[in-house]
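Pasting the structures here.
Next, two complexes with chain A in common: one pairs it with chain B, the other with chain C.
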Partner chain A sequence: MKCKRTNSAPGLFVTSYSGYKNKAMCTVPANDHLRHHIVVENLQLYDADVTCQGFIRARPPSLSFLSTVAGDTSMNWTGIVSLHQDTSKEFQHVEIHACGAGRENIIAEVTVVWPDPHEQTTLSISIEVNP
Partner chain B sequence: MAQYDFEIHVVEERGGEQRPDRSVAQGYIDEKPFLLIVVTPRTYTLSWAGQFNFQRLERELFHELPLVLWHNAPRWAARFLPFRIFGSAALVTANRDSEDEPFSLRRFEKIGSPEYRSVLRNQRIAFARYDLKFWSGLFGHRTYSFTAANPEYYSESSTLALQLQRRHPPTAELFSWLFDRSKFMRENNLRLDPHVVEKQTGLFLRETGLHA
Partner chain C sequence: MNLYPYLPPAFAIYVLAVSAFTGMYARNLITDNVQRNIARDWEIRVGAITSMLSSLVALYSIFETSKSYAWLVGTSLVLVCVFLPLLFWIISNKAGHLESVVTRRFSMRRSTLCAILLVLINLVLIWAIYENQRLTPSHVDCGKTSNVSS
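The block that comes next holds the complex of A and B.
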């Protein structure tokens, strides 16, 4: 499913998808919108600091974000959370709206810092969504 | 057998201030970093670059580790007395044929279910986390968590980590087990007296006062 993808680094599992009512859906519905979901699961034995970003890079874009969080724009959004060991967080506060034609890539970039072992990793996942 | 020094040094936090709820230290063999020790008020975690056979994952967790975690149990007793191990597992499996989902995460609240057995038998394990409780009528219980990264799927990492309760300090047998599963020890063909490491690590754990 091009609009739902996973990736993993040691102790980290990330899922990115465009979803409607928590179910993956690849096309923006005619009378409604999708949300950009990113699920981050910290499987390490250490707590983690997570920074999650969503991007639309195409110009002109055929999709745009709509977020009520200060600092987010129609082209990118950021979420930050601290995760205890063996816990997860699902970011899903950003709506995806159609604003053009043609399939669009939405990129999720997740950076995780585990302060105790002084380790850091970044995962990137690109999904394809139809306006 | 060549003699090597083992020393433990507290790792400075970024900014120079130590956090009140944890202490991080590095164990060095002959001045080379070998073992990371993270201490919290209730637990300590040992992590190291591992040399680990994932085909033996269950053997290691349910047979080998319980034996070396009992510091007060005679080895014959551990081998012959009945005990139970229960807990949960999170397994990241690698799907080389799938472009969209190259990894999957499967969580099992109870180890031993048919579904769990099927995943362990038929899937490629990229990362494993187990949170386990060992129980024996004679020796009481031990809680331990273990993670292992498979370098076949994560080229940068083969880290193994073991989290234990501070009221159960590490044994020399545990360090002997750890040395046998250490990439650093194997690659450098090192031999170290596990009693030396047990003594110094135990002392470090006792002297580390932390607040929850």
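The block that comes next holds the complex of A and C.
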């Protein structure tokens, strides 16, 4: 499924998908919207600081984000969270709206810092969504 | 029943059990979480590699009983196919990760999964040695049979 992809690194598993009511869906419905879901799983037995970003890099875009969080724009959004050991967090507060034609790539970039063992890793996932 | 062939796989299980025991000791001795995980990680690496070597030695116990090259080659190939990826996987982990990272599917530490796998392999080897001894007629019996027929 091009609109649902996963990526992993030691101690980290990330899933990114466009979804409607927690189900992956690749096309924005006519009278409704999708949400950009990013699930971050901290598989290390250390606490982690997570920074999660969603981007639309194409200009002009055929999709746009709609977020209620200050600082987010129609082209990118940011979420941060501190995760305890062996826990997960799902970001799903950003809506995806159609604003053009043609498939669009939505990129998710997740950076995790484990302060205790001084480790850091960044994962990037690109999904494809139809307006 | 000859118990000597059982020594290598039994030793392999013993090494893994001792590793688990000293892990509890390390938990009491080292207060820093990161240092403790690194210490446990190295302990598990040494235990796993020793256990793998013992399992390979156990193959020759099976060969001693059966004198079958087909068995020796077959079981060697199976063990090498399991051990090589396992060895590369263990080596590929960063220091401390065997103890500090949990597997997503089984939600258990990587070190625990590795130990369970090695114990299972050695239990299968013990069963194989037992079956080999049961199915292979002893040399004394062969001698008696040949004497009677002559």
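By our rule, the second predicted complex is superposed on the first by the 131 of 131 C-alpha atoms of A that agree within 3 Å, B and C clash if a C-alpha of one lies under 4 Å from a C-alpha of the other, contacts with A are read in each partner's own complex, and residues count from 1 in each chain.
The definition used in the following text is that a contact is a pair of C-beta atoms (placed from the backbone, for glycine too) under 8 Å apart; a residue touches a chain by one contact, two chains touch by 3 or more.
The model shown is predicted, which means the values in this text are computed figures rather than measured ones.
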item	value
Touching partner for A:Gly19 - first (chain B), second (chain C), both, neither	neither
Which superposed partner A:Gly79 touches (first chain B, second chain C, both, neither)	neither
Partner chain(s) touched by A:Gly54 [first = chain B, second = chain C, both, neither]	neither
Greater chain A contact set [chain C / chain B]	B
Touched partner set for A:Asn7, first chain B, second chain C, both or neither	first
Chain A positions touched by chain B in one structure and by chain C in the second	8, 10-11, 13, 41, 43-46, 86, 116-117
Chain A partner contacts - residues on chain B that touch it in the complex	11, 14, 22, 24, 36, 38, 45, 47, 90, 92, 100-105, 126-127, 129, 131, 145, 147, 149, 153-154, 156-157, 159, 161, 163
In the complex, chain A residues that touch chain B	1-2, 4-11, 13, 41, 43-46, 86, 115-118
Touching residues (chain side chain C, partner chain A) in the complex	33-34, 37, 93-94, 96-97, 99-104, 107, 109
Chain A to chain C touching residues, read off their complex	8, 10-11, 13, 41, 43-46, 86, 116-117, 119
